[in-house]
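Pasting a structure below so you can have a look.
Order as written gives the chain letters A, B and C; numbering starts at 1 within each chain.
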Amino acid sequence: MRPRQIPLGRGACRRLARGLPGLAAALWLAGPGLADPAAPQRVVSINLCTDQLALMLAAPGQLRALTRLAQDPESSVMAARARSYRINHGRAEEVYLEKPDLVLAGRYTASATVTMLRGLGIRVETFAPAESFAELRASILRMGALLGREAEAARIERRFAENLARLQRPSRGAPPVAATWAAHGYMAGSASLTGEIITAAGFRPLARLIGHGAGGFMPLEALVMADPDLVILSRADPAPAHSEAVLDHPALTALTGRAAVMQDRDWICGLPAVLDAVDRLAANRPDGARE
Amino acid sequence: MSVLVLDHLSVSRGTQRPLAEVCLTVEPGECIGLIGPNGAGKSTLLRATLGLVAATGRSSLAALPAAARARTAAFLPQGREIAWPLPVIDLVALAQGGRRTAPEVGAALARMDLAALAQRPASALSGGEQARVLIARALAQNTPLLLADEPIAGLDPAHQIACMQLFADLAANGRSVIVALHDLALAARFCTRLVVLAGGRIVADGTPRAVLTAALLEEVFAIRCHLDEIEGAPVVFPLAPVPRGER
Amino acid sequence: MTPARLYTLLGILVAGLFLAALLTGVAAVDPVTALRALMTGGEGPVGIVMREIRLPRALLAAMVGACLGLSGAALQGLLRNPMAEPGVIGISAAAGLGAVLALQTGLAAAYAFALPAAALVGALAGVGAILFLAGAGGGTLALILAGIALSALCSAATALVLNLSPNPFAAQDIVFWMMGSLADVSFTHVLLAAPLMALGAFLLWRTGPGLEALTLGEEAAASMGVNLARLRLSVVLGTAAAVGAATAVAGTVGFVGLVVPHVLRPLVNAHPSRLLPAAALGGAGLVLAADIAVRLVLPGQDLKIGVLLALVGAPVFLHLIWRMRGAA
């Protein structure tokens, strides 16, 4: 995934010229926060996952605004760092008024906003949700390239790969079965980041065993009959929703296997923090694989 | 002993007084015709008598507990409501707590000539037949007193006469009836006593012959009438309204 | 048909549907194994499926249906109007708003019983508003219009409250509160709803004689010894308790109170008092049947029970309107 070449038109030249004195200040103040002078200087993110990727990689002052969710500790693993940034609600007009030179968005959300911003001549880069560790690593590198922070991105990506390798340990015998379960009885697919996290933690995803590669709905009865070794209850938010009430069903506690609770923030975005999820799930292995 | 005593019964509605200081004593065997122009307070008097509207003064009937009241007086309200298509016999049996086999139910059906219709749903009957069903229900309550609010309105002449004859017969057998009606001729012919209401007050009370005078009819009803007598009963034949200027 | 025979037949029907509901589900379990697991608890997951999933679901379907059928019959008796129905006239929507408020304010998390209690308060306010706007003598038109207004208001308020929730799934809950569902209910729900449902049923059960006399109108009923104020209070409180409890656990399940009395009224010779037990049994049967149907039509997906009931109920409603036009 190569960053798009920025055509060096007159506007870009002017931006470059204006950015130079600031660059000296940034060099002096931020130390490692060294930004490529050709990189965008007014970045706005309108997606929770791009918020967090950008927070991780951006040089000081480069990132102008984030979504409200990025500051919510229930949704974001980087809420504390996000607090010093301005927020936006993902609406085209407020994003436009920030005069951004780069907007970061999710690929499948806010498509009307993205179309409108592009129509207004603003550069928008979209990120698909990472569906695997490989995509996760690629998106770190791509974000680094977009922000002109290639070195920092490569360092983070390398450290992630090392930590992942350290966490993954072969299981003795056939790995135990784990099932994710979310609102409405939704089960995440095995061919997904969730599936890889479960596998990395030393489980076989139930979704793979029953052919739910892309994810789908799993009635409570079917889940109980499958009787997995671990049920991972996946919650969006602690606030009550009837759709999530099913996660409290007494039949789940009657199961022989264990139950673990994951909140969306732990693994919904492809961030290095998903390794914490791997670690926590591995702690639930019945064979006590963790020493 | 009196069946009903009203003592200075009044009803207030805001600043209006639809009923004012009504005193009335009803004896067994009386068939009382309650007459008066529209808005005179006839329906209000009947409702206050039964305790269905808040009133001051005293009604011996309203003072009774609900169950005793239901054993003392039956009421035929003005609107002939039959909400659900119950069979005729079950509608009549409502007066006896739903007991179809109660002797009063059979007697009332026979008296109103409804035996043949007993199993028919009430919704399948004509308006006149429905009116008879409702009267039969009131009869089946088998009370010493019957209060009827315009029971003959909307009935054909034969049914009007039959209905009034029934009330007169009940009175002749020692029961008491108070019937509100607009037909002065039928009131004069079948009632033993007429009570005239105007503006919520009783303005005349006595035998039909004593009450139905040209002067009263002109003053209370604003009509000029031909007064006559047939078979010993006074007959009122309205001729024309009193011209506005002369009232 | 004598009332006793009708009640017996309806009872057998409900029992049969209850059994069928126990044997319906995505998990393929043969009936003998299923029933044995139900009785003995059995080994492994089948026992959990039968005892913790299917049994409470079937029980609640019957309870919710009985409450809604009974409430419909009682409301119709009180208002002397075959179109009075908790869903149609907005009482269920008001109960739903109460329940949603209890959930979103955290009250229900602090005190479990706050959920049905708040739904009861909502339903009570709803019945009160309807009686105030279109009570005695208000006529069918006033009743239906008041119901539409109340439904719209309560649904909008429910949607607003859910949209304000930080949980992304809360907004999707609007569908549940408007369409109702018995998917994945547990004994927690059964125990939560049962006391208020019992109270409601008890209050409504005793209104039979009064509703019977009310066939002749309020004044005639009062003259026959019926205490109108107490009758009205019993129906209002009973309906609020029954509908509130049902809505708190199953969302807005509409049309049961409309369809069931409509179908059964001719079989009880239109007697409002005999209609009460018949409608309770019929309601239980209808909701059980509908809940079996949603599991057969789209197994594994949560097809809302209200969708199915509206497909059956709306034509009955239209038929009633058509008949009312003819009568006018």
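Here is the rule we go by: a contact is a pair of C-beta atoms (placed from the backbone, for glycine too) under 8 Å apart; a residue touches a chain by one contact, two chains touch by 3 or more.
In this text the structure is predicted, and so the values were computed from the model without any measurement.
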item	value
Per Cα centroids, the chain farthest from subunit A	B
Chain nearest the overall C-alpha centroid of the shown protein atoms	C
Distance from the mean Cα position of subunit C to that of subunit B, given in whole angstrom	44
Averaged-CA centre spacing for the pair subunit B and subunit A, given as whole angstrom	84
Junction residues of subunit B, two or more chains touched	none
Sites on subunit C touched by subunit B in the complex	80, 209, 212-217, 219-220, 222-227, 265, 269-273
Touching residues (chain side subunit A, partner subunit C) in the complex	72, 74, 183-185, 217-222, 224-227, 236-246, 248-251, 254-256
Residue numbers on subunit C that touch subunit A, as the complex places them	25-27, 44-46, 48-49, 52-54, 103-104, 106, 108-109, 165-170, 172-173, 176-177, 183-184, 186-188, 251, 299-302
Residue numbers on subunit B that touch subunit C, as the complex places them	47, 50, 52, 66-67, 69-70, 73-77, 79, 81-87, 90-91, 94-95, 97-98, 121, 134, 137, 141, 147
